[in-house]
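Below is one structure, written out as structure tokens; comments come after it.
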Amino acid sequence: MILLVHGGREYLRAPGDELQTDLGVLDVPEDVSPGDVLETHLGEEFVVRAPRGPDLFNHFERTGAPMMPRDVGLIVGHTGAAAGDRVLDAGTGTGVLSAYLARLGAEVTTFERDPEFADVARENMDLAGVSDNVDVRTGDLTEELDDLSGFDLLTLDTGDAPEVVARAPDLLVSGGFLAVYSPFVENSHETVRTAREVGLSDVETLETIQREMDFGDRGSRPSTAGVGHTGYLTFARNE
Amino acid sequence: MILLVHGGREYLRAPGDELQTDLGVLDVPEDVSPGDVLETHLGEEFVVRAPRGPDLFNHFERTGAPMMPRDVGLIVGHTGAAAGDRVLDAGTGTGVLSAYLARLGAEVTTFERDPEFADVARENMDLAGVSDNVDVRTGDLTEELDDLSGFDLLTLDTGDAPEVVARAPDLLVSGGFLAVYSPFVENSHETVRTAREVGLSDVETLETIQREMDFGDRGSRPSTAGVGHTGYLTFARNE
Amino acid sequence: MILLVHGGREYLRAPGDELQTDLGVLDVPEDVSPGDVLETHLGEEFVVRAPRGPDLFNHFERTGAPMMPRDVGLIVGHTGAAAGDRVLDAGTGTGVLSAYLARLGAEVTTFERDPEFADVARENMDLAGVSDNVDVRTGDLTEELDDLSGFDLLTLDTGDAPEVVARAPDLLVSGGFLAVYSPFVENSHETVRTAREVGLSDVETLETIQREMDFGDRGSRPSTAGVGHTGYLTFARNE
Amino acid sequence: MILLVHGGREYLRAPGDELQTDLGVLDVPEDVSPGDVLETHLGEEFVVRAPRGPDLFNHFERTGAPMMPRDVGLIVGHTGAAAGDRVLDAGTGTGVLSAYLARLGAEVTTFERDPEFADVARENMDLAGVSDNVDVRTGDLTEELDDLSGFDLLTLDTGDAPEVVARAPDLLVSGGFLAVYSPFVENSHETVRTAREVGLSDVETLETIQREMDFGDRGSRPSTAGVGHTGYLTFARNE
């Protein structure tokens, strides 16, 4: 997929697609490349871009509040998610975390309980061009635990995360990481308690407050707008 | 490189290396794989692990305070750094950011002014197993700007970042991202001013406060230890 | 002044006043006391309350964004403002800080440059019942510095605070405190530089982030609403 | 009580006391006043100061971690504590909150369960010169609730605060405030639940993060030292 950009407008299309807007009709060549400039039949120009992670937030269909870039990033930073990682994920939702991880070369198996949400997530993986790297399974991870193992990374964004955490030592390779996202203190506490009970190491729950800085004519200051809480991130590692 | 782990001790070694400790001598086979269990001549067992991003903090030689996992992660999250990205970096330092980006499949060209620091960074890239993906150049990026272009991502951790930012439109592809790390308000402000002047879009400076949660017998609370400021992150995008 | 409260409605009135609403007419007796219950001619009851600091935010006429309860409180906490203190204040504005300080027994002299704002502030002091303790002067404190001295506390919320800070050693008694409120980093920095130059001690600038906690059915978490920056508070003490 | 200050050294003494240090002997006159300069028999000068709230932290004997100036201040700011208030307090501890409130003209009745702590608190009230305004009672407030009423402010820093909160409507006047300090989420939640159940209004729990700013030669930034969590403050108001 490529992005067609004209001023503040952008469209996600596949090579060979047609774009119809009030700026005219544009046929996307099969051999289109980022950096190309394409013209509509009315002579309007579109720049071709490779879509990046943050672009996904504009083009994914949402089935709930997607995980924010900061939280996706913190998971990557604190677990060292990297190319070649085998990732087990639950609570696919919109699929932003799965897509980000796939874009950096990980192989992701992700469980979504709601069949309609799972369908949307599959379409989103197509849009992100990572369908080959993300296996969206419709179902409940807690019922499939016996058949899964050998993952480098276990990422959970579900209310019943502690049930899965209890099995993390069987799911993860030695040195593999667990990352659990939860908006709530109690749920994070339960995750920590379980992680400690099953012998995971380096268990920690982090809370992140992020603010924008305003640089104006009168001076510099943190934004008066405020940035609210998203979720706690609990990390742990398999021995 | 692989990690040899015994209890709380771990050693980074290449296949074919020898490990000598008080637990005995261990020859690392050429075909060693993560998950293997190796024995020293005294019968002590070591588990073999693939090193991950956070392990680099334990094994890299430091030439200054390395960028923290959270800041590395935020750069990934907010720029969508991914496999195949061409990254231009300045202020290599210990090389943590370069190594993380290379581990997720990016091709990194990084500039370090101090020749000794650059040598250490090259050794660190060897340790991380990413020498093929990271080109550590000894020198000042501001003097090489005319010969560089076509990058997807420009990451700067230097006091003269604004000078480079002024050239970002020539260095970055359309849709490419800039990320500047600075501990200071004034320097971040100068970066923002420059980014706006040269027409970058989506310019924002973010400050991140991260705290650990304590879950104890008496209840849950944010840590009384406190987590200090690391740096502001300024992001911007090339039109 | 007393508050007349009926359900979610409240009115600030003086003894002897008349209250006319759709609930009927109510004559406030001259000897009214907090805790009394008064009836309108239609038989509707109003409870009589003594107004407290937070009530002032509902009843003061505003001439700009008033200082928030948290910042007023931090000034009290960090300077130990107390009964009998002589306070010199500049940038009266709505007058919330002056009224709070007067309510805890301080004698406040406050300067407001804008004559209309000063008039409103005087009316607000009447509403708060502290006119005897607050002298609202129309004018620029920087032009009156030669005639002032012997204050226990100097509180400034003006852009030219550093000019006044430069004279703080002459204005304050030994051990007296300075508190400067400023939204901006640069202005706070200038205040700190000046405070150090003129030999004040215990110079520090504090930034405060305050968040509400949400306790809901699904669990506890910091509010997703976020609370923005108000201002930096710089404190210093006269030797 | 007055403070005798010489350089970085300070001593709290009553009029008529004698001060003996290596700087010589000094007799404090009965009619000593802040601003006086006294000499020891060796001719060393001491400046006389009226002690202020923050000085109490240096001179109080501690029976645990005292409440910090910021939290004391926030209680004042959010409840409008003022001269003439009748305050009911539990968990006296070192007595900093009681002393601050008394210094701004409130009448405080405070309960401390530990008899030795209560004795220390009484001595601290003497040091602060507020013994007439603070009644330190040895005992458990939860056992005395039937005999108490008519308070403007109820301040609690005890693990069983919710038990007292359940009776707040009987303890407080109409419009009176409750302020509960607790380090823990669970305890704060229980306080909130109870406050709502008994019909208090404006129930909110606030968390405060305070950081110092560093203004150095290289620029301005929040301190790298970090400031940890102290406690949650829950406020509510009696209808």
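Read from first to last, the chains carry the letters A, B, C and D; within each, the first residue is number 1.
The rule is short, and it goes like this: a contact is a pair of C-beta atoms (placed from the backbone, for glycine too) under 8 Å apart; a residue touches a chain by one contact, two chains touch by 3 or more.
Chain labels with UniProt names: A, B, C, D = SAM-dependent methyltransferase.
Nothing here was measured: the structure is a model prediction, and the numbers come from that model.
Colleague: When every step has to jump to a touching chain, what is the lowest number of steps that links subunit B to subunit D?
Modeller: Minimal hop count between subunit B and subunit D: 1.
Colleague: Fit subunit A onto subunit C over the CA trace and report the rotation angle, somewhere between 0 and 180 degrees, nearest 5.
Modeller: 180
Colleague: Could you state the distance in Å from the CA-based centre of subunit A to that of subunit D?
Modeller: A distance of 48 Å separates the two centres.
Colleague: Can you check how far apart subunit C and subunit D are, centre to centre, with Cα atoms defining each centre and the answer in Å?
Modeller: 20
Colleague: Residue numbers in subunit C touching 2 or more other chains?
Modeller: Only 185-186, 207, 209, 211, 220, 222, 232 qualify.
Colleague: Across the complex, what residues on subunit D touch subunit B?
Modeller: The contact residues of subunit D facing subunit B are 183-187, 207, 209, 211, 218-230, 232.
Colleague: Could you pull out which subunit B residues touch subunit A in their complex?
Modeller: Checking each residue of subunit B against subunit A gives 3, 5, 34-35, 47-56, 68-83, 100, 103-105, 152, 173-175, 177, 185-186, 188-189, 192-193, 204-213, 215, 220, 222, 232.
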